[in-house]
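In the two complexes that follow, chain A is the common piece, with chain B as its partner first and chain C second.
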Partner chain A sequence: MKMHKLRRLMSVPLTQIILFAALMTALQLLSMAGLIPNSFTYAIGSTLIYAIVAIGFCLLLGYSGLASLGTAGFIGVGAYAAYYVMESFGMPYIAALAVTLAISVAIGVAVGFISLRVEGLYLAILTLGLSEILRNLLMAVQATIKIDISNARLFGVQLNDSGAYMLVLVTFSLLVWLTSNLIDSPTGRAMLAMKNSTSAAQAMGVSLMKHRLLAFVISTVFAAIGGLLYMMYVRVMTTSVSTLLTMTTSLNILGAVIIGGAKSLWGTTLGAFIVYGIQSMFLSKIPFFQKNPAFITMLTGLLIVVVVMFFPGGLTQFLSGIKAKLQRSFRKVREDIYGKDLG
Partner chain B sequence: MARIWDKLRPSGSGKLLRLSQEYDRLRRELEDLEAEAEARPAEPQRNKTGADRLQRYDARAYMAKRAANHAAAKAIFRAVREGGSFDEALRTQEKKLARIEDKRRAFAARLERGGAERKPAPAKQKPSAERVKRTAAEKAALEKKLAALETRIARAKGSGHSRISLPDDVALRVRGLKMYFGGLKAVDDLSFDVKKGEIFGLIGPNGAGKTTVFNCITRFYNATGGDMHFSGRGGEAVDLRDFRVHDVILHGIVRTFQNVEVIREVTVLENLLIAGHRGYGSSLVAQALHLPVLKKEERLMRERALRVLEFMGLTEYKDWYAFGLPYGVLKRIEIARTLMCDPRLIILDEPAAGLNDTETAELAQLIRRINKEYDCTILLVEHDMGLVMDICDTVCAISFGKLLAIGTTEQVQADRNVQTAYLGASEEA
Partner chain C sequence: MTLPFALMMLLGQLVNMCVTALAAFAVTMVFRTSTTTNFAQGSVAALGCYYTAELFGKYGVPVYLGLIAGMLVGVLCGLFIDIVIFRNGKSVNPVGKQIITMGLVSIIFGGIPLRFGNPERVPFESLYRGKEAANIIVDFAGGKLVVSRHALICLGVTVAVLAALFLLLKFSKWGLAVRATASNEFTAELMGINSHAITAISWALACALGVLAAVMYAGNGTAITASFMTTIQVNAFLACILGGFSTFYGPVVGAVCIPLVSTLVSFLQYLPIEGAAAISRWNMVIVYVLLMIVILIKPQGLLGKPVAKKV
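For the complex of A and B:
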């Protein structure tokens, strides 16, 4: 019966989040002790930032059924807000967070209103255009942004590398917890209803406007928080600014959500690790890929094709399929040993 | 900005509706509490009884027998093709069947022996004294709140200056309803009254505009002209044109769809919880943090959903995903959903479409039971004349958006216009 209790405890999102955070903290401790290379945990940190963005997007795509290709622009908003508030005005991290939240909520509401009129592919194209406008606007204002380490302060404490890593991890855990709670609540169910059938949702009293706005606001806020953390973590956006804010980022986030499974938060996290993590943790160490970085993108593309063709539910579907198969074979072994009646 | 804000908040006349809604919600909570106190669910039964196990064993034995027969048939085919004898195949099959039979007998005997040692199932758990006390305290608090609300509602009613009035026995009054799609007059100057507590049937040939009428009442379409007045929650007459499509449910108007619109990505139980969406009072913050307020509401709503499922005979499907369930079950889920939010007027769009005769008869029973036990008015569109004539108190026949006849089933059946619309003009006419 202990097994039974343990299994139930493990199915609670909070337990999973705590375990995940503990594992990531352990990795950081190991790297501080010099047992694993620093670049490894650094890659994990930046992957977690992408995972935050992907989780916001997962709520939008997987639960509300709204397609958006504007993620990169929303990330840029967070990054630039962080730069101006912290670097130009010398204000602390909390102020930057507040400004980022305010701007991204406003943008989310605006896009949410648009989504009431335009749906499906047209919405995706529209958000793509919006993102390009944002990118060009931001690049025109300032093409190179950089945060000085002495300005990266949280509650008066200066953040070094491991401090920034922990900040990312804590933010990630908190946001995953909030999102998983929201999914398992009337609002999350209303979003799913909206995705499946707008008329049924409305007949049951779900306001399309309220929930579409909410979905876009959450997704934009998560993306902007991702941008803010990126500035805190990477600190420089000289060469990366032009690449980070392009459509490739939006598509990579979309890829992460689809590869992982659009209706699972851990699946989405896994997707982010596959799209971004493997590349920066392992592949970039292999000389062949160092010489031909385009092959990494090709690998990601290939993976998307395979997943969409064979596992439309993402890797979550693949893994749960394996789990079911294992359970079946275990039962068979048990029946072979003890006989069918007891098995 | 003011317009945006206006769009975001619930529409319609405010105070009385809000108070009545709160009143109904609290009353429901009280009911839920009482139901919960009465029927504490028994501990889940770990030990299966001997009969259960034997039944399960028999199911497996049946499959084994089928497999043996199948193998024998294959062997016989092979024997015939290759010119051998098939006696051997038959003998092997007989042996296999006998072995399965022996095993079953042995299993039954073992159960018999073990059965006496098996502990009896635990009796229904009695609520603890502390629990009883807590429930009583909660109940007292709720009753106090309810009494306070009653006086407030009475005051709000007195002060309200409703610009429309309805006779006491009318639930829904439609006057001069028009719905034009460009040049097409889908509904043209249609008027009828639906009395409280009756089952009202709307009939007409295909394309007569029946579903359009429904869509106008539930605000999916914005009617071109005409009035739709509803005796709202709290007893005040309201103009449905003041409401947006997702807000008519606040007054208890719920509908089903012609082409079943069940949310297929979630379980049957969750479908019902979605239908109870407007019954939740927790804020977004409470939902994101899973505060106790939300947990309590979820518990009560879940129990309410289970009761509705039991009423509809759907309990066995509660954890199934709606995707891939049979059509009849999906239809019942749709009706179950309408029962989740204190319905006062249930609008059924062709509930019997695609059902066979037995299922239609069951549906008729069910609609009558809902009408009686949930004390609500039912308005339905149906092509199955047997069903309509069987259950409806009043029938309204329309054709090309115009009223043909309204009255009791006999009156409408005898009406010459209706006969012409359905059968075509006869030669004498």
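For the complex of A and C:
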């Protein structure tokens, strides 16, 4: 009976989020105590930033059925907003957050309107063009931006390295919680209906315009928040050299969502850890890969190809398949021992 | 700004146009037969180009032989992607195929430095340097018009290749099969067309054209890196959207338009207005914004046909 209650408690998203956050905080405490290398938790933090972006994209692709390749540009918008508000005008973090939200909502609405006219892969390539516009625009404005975090204050508290990590973690937990609530709300159901058939959804009274705009606004806001956190965490960005704002990032985010399983938030987080985390957390510690970083890129690519080839539903499908198999064989063993009636 | 100068700037974009046109045709070929966008287009092209450059620079093989070898590498890559990867995957949908090509980009990006070491070089420099005939100079309208020989060769090759392909598409049995597969794969199969073979050939052809484009682009003096075709690839995608995916010639028209408009926009910096010189920095931004506006007005592309949607 107790087992049953525990299982039900575990299936509530909030419990899962609290457990995840507690685990990540514990890792940070361990690294502060010197038991885990600092670079390990640093890699976790940066992966969580990508996971935030990926979760916004999950809502767009997995729940609304809209493909976009503009993610990189939206990340750039958040990063530059953070830089200008905090570094040039010396305003606090909250102000940067407000400006980022305002700009990304505006961009999200614009892209949402575009999505009403152009659909499918066309939309993906069009948003790719939009991302290129944003990247060229930001590059022409200023090629390198750098934030000095010692000026940054959050609720009057000085932000340091572990403070930035906690900021990322808290933002991640909050956004996952909001998203999991949205998915189960009527709005989330309407989005899912829209994904499966636009005509049927419209016939049931779902406003295409409202939900497409909302989906794009949410994913743009998540990406921009990712950019903002990137500036708080990594603190420097070079537009002309780095690949952060190019097509590669948009594709990697898309890859994270597909690999994890397009309709699962934890799956998407897992996907982000596979695409971004594995190489920075584990592989870069192995001497062989340190000597040949090219193998890391190849291995990540190979992993992506294999997962998509053999598990079209993503890793969540793979894991639930294993779970079902285990349960079946477990039941069989029990039946063998006690007979069928007790099963 | 004089007329010969303006013409020269336009001619300077010739190689760019040719390369984008070939890449755009390749993207359309794959899109029409497999309904997916090949993100590995640029990196497969770079891989083939590396082989050509190595044969040319290290072993002194003539360029055209090296090019054929590079294109063969492209053909093998294309066949590998379609036959080995896509056909063995479990019910891979178009988005899944996109992700697979993206994974291949990572593999090739990682593989190129392993195989070729130092990732940056300009291999075809010796092809034209030191030769008097590198540029052709013509007197024109009271000025001198300088055209690079490479641009003319590229133009010739591109026109010949594309013309041959369009004629084949229009009049050969293979072309009919490709058009049938592009229009509806299932019905094409019912009509006895081996659509698997058609798809595989399309992939091979697309990758070979990519290598041809990459060698032309590198021959213009661009350093070869694993990602040196990325800009061209993005432009090729946008050209396909601009021209319309529903025809085979639309993307080629779009590919010519993008460098052309980009040059025309860059002319604006010579206007006698204050601050006009700053326009060159915003060149690509203006071009992409114009492109967006055109697509919003005509979502099917300039030459596209509206697609009726079944409910």
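Definition applied: the second predicted complex is superposed on the first by the 334 of 343 C-alpha atoms of A that agree within 3 Å, B and C clash if a C-alpha of one lies under 4 Å from a C-alpha of the other, contacts with A are read in each partner's own complex, and residues count from 1 in each chain.
Quick note on the criterion: a contact is a pair of C-beta atoms (placed from the backbone, for glycine too) under 8 Å apart; a residue touches a chain by one contact, two chains touch by 3 or more.
Note that the structure is a prediction, hence the values are computed from the model and not measured.
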Clash-or-fit label for the pair chain B, chain C on chain A: fit
Which superposed partner A:Leu302 touches (first chain B, second chain C, both, neither): second
Touched partner set for A:Pro312, first chain B, second chain C, both or neither: second
Which superposed partner A:Ala33 touches (first chain B, second chain C, both, neither): neither
Which superposed partner A:Arg189 touches (first chain B, second chain C, both, neither): first
Touched chain A residues, chain B compared with chain C: C
First (chain B), second (chain C), both or neither touched by A:Val206: first
Touched partner set for A:Asn181, first chain B, second chain C, both or neither: first
Touching partner for A:Ile337 - first (chain B), second (chain C), both, neither: neither
Chain C versus chain B - closest C-alpha approach in the superposed model, Å: 8
Chain B and chain C contact sites that coincide on chain A, given as residue numbers: 199
Footprint of chain A on chain C - complex, ascending: 31, 35-37, 39, 85, 88-96, 98-100, 102-111, 113-114, 230, 234, 237-238, 240-241, 245, 281-282, 284-285, 288-289, 291-292, 295-296, 299, 311
Touching residues (chain side chain B, partner chain A) in the complex: 7-8, 57, 60, 107, 218, 220, 244-247, 249-250, 254-255, 257, 261-266, 270, 273-278, 280, 282, 284, 287-290, 294, 298, 337, 341
Residues of chain A defined as touching chain C within the complex: 61, 67, 114, 117-118, 121-122, 124-126, 128-130, 132-133, 136-137, 140, 199, 246-248, 251-252, 254-255, 258-259, 292, 294-305, 308-312
Contacting residues of chain A [partner chain B, same complex]: 178, 181-182, 184-187, 189-190, 192-193, 195-197, 199-210, 214, 263, 340-341
